[in-house]
Amino acid sequence: MTPSLIDLLTAARVYDLEQPRFAGMPIHPAHRPGYFYALHRRHRDTYRPAAQGPRSSASGVLTMMEHSGTHLDALCHQAKELKMFGGVEVDSAETPAGFSKLGIETVPPLLRRGVLLDVCGWRNESRLSPRYGITADDLAGCATAQGVEVRSGDVLLVRTGYGALWSGDEPTYLDAAGVSKAGTLWAAERMVAAVGADNMAWDVPDERDPETGSTLFAHLYLLPQKGIYIIENLNLEELARDRRWVFAFLAAPLKLEGATGSPVRPLALV
Amino acid sequence: MTPSLIDLLTAARVYDLEQPRFAGMPIHPAHRPGYFYALHRRHRDTYRPAAQGPRSSASGVLTMMEHSGTHLDALCHQAKELKMFGGVEVDSAETPAGFSKLGIETVPPLLRRGVLLDVCGWRNESRLSPRYGITADDLAGCATAQGVEVRSGDVLLVRTGYGALWSGDEPTYLDAAGVSKAGTLWAAERMVAAVGADNMAWDVPDERDPETGSTLFAHLYLLPQKGIYIIENLNLEELARDRRWVFAFLAAPLKLEGATGSPVRPLALV
Amino acid sequence: MTPSLIDLLTAARVYDLEQPRFAGMPIHPAHRPGYFYALHRRHRDTYRPAAQGPRSSASGVLTMMEHSGTHLDALCHQAKELKMFGGVEVDSAETPAGFSKLGIETVPPLLRRGVLLDVCGWRNESRLSPRYGITADDLAGCATAQGVEVRSGDVLLVRTGYGALWSGDEPTYLDAAGVSKAGTLWAAERMVAAVGADNMAWDVPDERDPETGSTLFAHLYLLPQKGIYIIENLNLEELARDRRWVFAFLAAPLKLEGATGSPVRPLALV
Amino acid sequence: MTPSLIDLLTAARVYDLEQPRFAGMPIHPAHRPGYFYALHRRHRDTYRPAAQGPRSSASGVLTMMEHSGTHLDALCHQAKELKMFGGVEVDSAETPAGFSKLGIETVPPLLRRGVLLDVCGWRNESRLSPRYGITADDLAGCATAQGVEVRSGDVLLVRTGYGALWSGDEPTYLDAAGVSKAGTLWAAERMVAAVGADNMAWDVPDERDPETGSTLFAHLYLLPQKGIYIIENLNLEELARDRRWVFAFLAAPLKLEGATGSPVRPLALV
């Protein structure tokens, strides 16, 4: 079995679903200042050819919110009535250095069947209207039109079209379309392992669940109640352009002990 | 082809080669202060059930050197006579925000045949002597004993045994064994895509190349001259315990624009 | 002598010239992301009354550009033709950890006669027009009207009126009035020890010196050529309201070794 | 009155009581990683003489705990039974961005009569024994021998001799002498405005108050119960050498909104 996995893997076409990371990339207001990299050690600083030979090195320092850029939310990121997934009380797990339970280091690498529902393409729009809430019917209709099925254990990716605005139009990007409550319920019913979208939150910005009054319904439902991960700020443009609806999905969050999320470079392989 | 890749991938046994990340983990002196995560937003801070429903969220801020923890070096990390890989002059690429060429964002995801040479196990030692330099003969002998071949394009991982000391014994960890110049040349001759080890540098700490006078020979040779990536601070304990010498190797560095390296969570699949 | 200094000092009326520091305060685009404080250790985290008694503590972590908020520029912050004050070549002093010469730690505490020229008040404006360049005649006229003299060794503060916009109107604040080239020359002729203003840069934003083509003339002239310090983002509102034109000025930059500036809390005592 | 304050201030001999700040300076384990400055923007990065004239600039980024180096503790830094000074409940004031009450921005500039009790010099020791607890009798005896009186509203500084070890001997520095419970009570009885010492904490490391079981008695008593500030990591060497027992004391903490302390550059003027 091993050889053929190696063979298939090394021969696969790889789609890179991570947006580039740079100071000034779009960031949710709650996660400002977001991301900053400073190159402080430059090659000439360590270049001492007479004493130390021809080698020199350079390096920098990174300051970042764990919810900047393309990233995966840990289960500890959200709670319902101060309880996280599995009924863990927030007070029992919060420490200055992060969560003692349900931190991102507890998330296994995701190696899953992946499905893209290109709702934006299916509706023949370059991107969906700002704050449009993708419905369950949208997801079901798009899946039918694409001829794909969402199965238990899958990673379900939904395209709004806003990923194309990553570099350079933060205001529009932050005012994206997203998946409505009904769409989120549809995904959860299919028992996916994770969901992801090419916007800041999967959810529709500021949309309130009429039942509970909470914003970001998926954050309330999928993480603390269902244990389903959310991946944000994906780049789904190439995948959609090539009409790759089904693929092998890979994402391996970093084991940042106690953190509430991790940057990831998700891949789709076909 | 796609379905079978999905099938094989989702059925694979996954070995996680990343060491956990926490404040106080071993760090090379050149990369202090290393790593720090602060959880500043806690659930009760955003919990306003009457006004905003039952949802709350938590998050933190991360300060880290890109060469902390398990990570992959970008080609811009090292230079020879102030030239990086491909002859790129360091002065032409350094900016306050990182390198305009050869930054970590230019490294493709690594999906490769992987080979582990468990030199430490082959020599029946729990770990090699401090500062022992693994020779070409060691690598060749170990490969023969394990019955494996290192091929062009592979990711070659070498086990010193020091990875077992990650959590709790920084002084010993920093004084590890590594791969000598001859061992590095042996790997390069096999035209591997990347090398990695369960120590801080792949190289032997402080060992000087008699020819050039430089420390960290592999950093001088593999990165600026051969374009071969180096992965550091791997956890190879489980892989060795299970005697998995050949596997599908996956590592996807983050596209931190201009950075000289990236944390990674490398995986071995069998 | 000592007792009377103590007596006078403890009896003095103190004007606080520092703007408050908070995430989101105005920041020059070159110094983004500016300022961020995260409280990560909270009292309950260390509260273990049974084992450790009733004491608990809290603390946080600060990430900041040294040119954020009210601050003083070190001489190494600026160069003319790659030479800093005293002809020090930039290449001879730059290191990853800061400047080995002319860093902010070399700046003595400033305890000086201070003079405020309230140009904005003198012109009966609540604030000067955006990008208005305060001329030498403005400064001389204002000094005459106020009946004050600027003397050698003084700290000269100039009020544009923009300091009142610190909390809440970054775009207008960044588009402030400032001191023109002629005004800067007038100050330098008086051989002041330092200048300061209630805007981002003392200088007029984006104004170019017709002779050299450089923006920020005072940054080119005062720091590398004259050794005169610049203090930015002052709050001069109370001082102006009370018409305190002459006072004892105090500011003590932190000895951040090698840094190009330091936050300060300047005081005016009368 | 103003002119003479200016005259006295500008003529004063200034003693700088701040220790230099650099990566690797001593830090209390609770406040690691402490302090880090990275110079990322160098002069050549902005030097474009043809297009922009001869001016260039450099700057960096600072990451620091507010309790690193010479600093002043805010009242919110400590609590007794989860109540801070004035009975403020910690839960009512903690936010992700700091304290909404009793933050360092509420501390006025300290311009006070200052008194140095050089206990170490009085006992003819180069520094006191590790973990020696300075008693009330020590303070009273030293004051008598020096011929000075500690008065209400003073800033009281106590010298252990450990300040001389700031640069280069962190283990010894962290194992310093300090002021015992009785010494702290003696200071508080004199109704000083602030206390300070040339060690990490004023208090004796790890000494427990037999009555409450808490370590750092002064942190429990002075901050939450008495509203007396604590200044740590002072450099008192020059002041002691010159036998300056009484002086004008100045320290102006930065208005870091919500922070639990601030770096300061305290001065003694005679």
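Think of it as A, B, C and D in the order they're written, each chain with its own count starting at 1.
The rule is simple: a residue touches a chain if its C-beta (ideal position, glycine included) is under 8 Å from a C-beta of that chain, and two chains touch if they have at least 3 such contacts.
What you are looking at is a predicted structure, and each value in this text was computed from that prediction instead of being measured.
Novice: What is the graph distance from subunit A to subunit C, where chains are linked when they touch?
Specialist: Shortest path length, in steps: 1.
Novice: Would you mind working out whether subunit A and subunit B touch using mostly the same residue numbers, over half shared, or mostly different ones?
Specialist: same
Novice: Could you put a whole-Å number on the gap between the CA centroids of subunit A and subunit D?
Specialist: Distance between chain centres: 45 Å.
Novice: Could you work out how far the Cα centre of subunit A sits from that of subunit B, in whole Å?
Specialist: Distance between chain centres: 24 Å.
Novice: Note the residues in subunit B that touch 2 or more other chains, in rising order.
Specialist: Those would be 23, 36, 38-42, 60-61, 63, 95-97.
Novice: Can you tell me which positions in subunit B touch subunit C when the two form their complex?
Specialist: 36, 38-40, 42, 60-61, 63
Novice: In their complex, what parts of subunit D are in touch with subunit C?
Specialist: Going by the criterion above, the answer is residues 1-2, 4-6, 8-12, 14, 16, 18-23, 30-31, 37-39, 41-44, 47, 49, 51-67, 69, 76-82, 90-91, 94-99, 105, 108-109, 111-113, 153, 208-209, 212-216, 219-220, 246-248, 250, 252-261, 263-265, 267, 269-270.
Novice: Which residues of subunit C touch subunit A in their complex?
Specialist: 23-24, 32-34, 36, 40-42, 45, 63, 95-97
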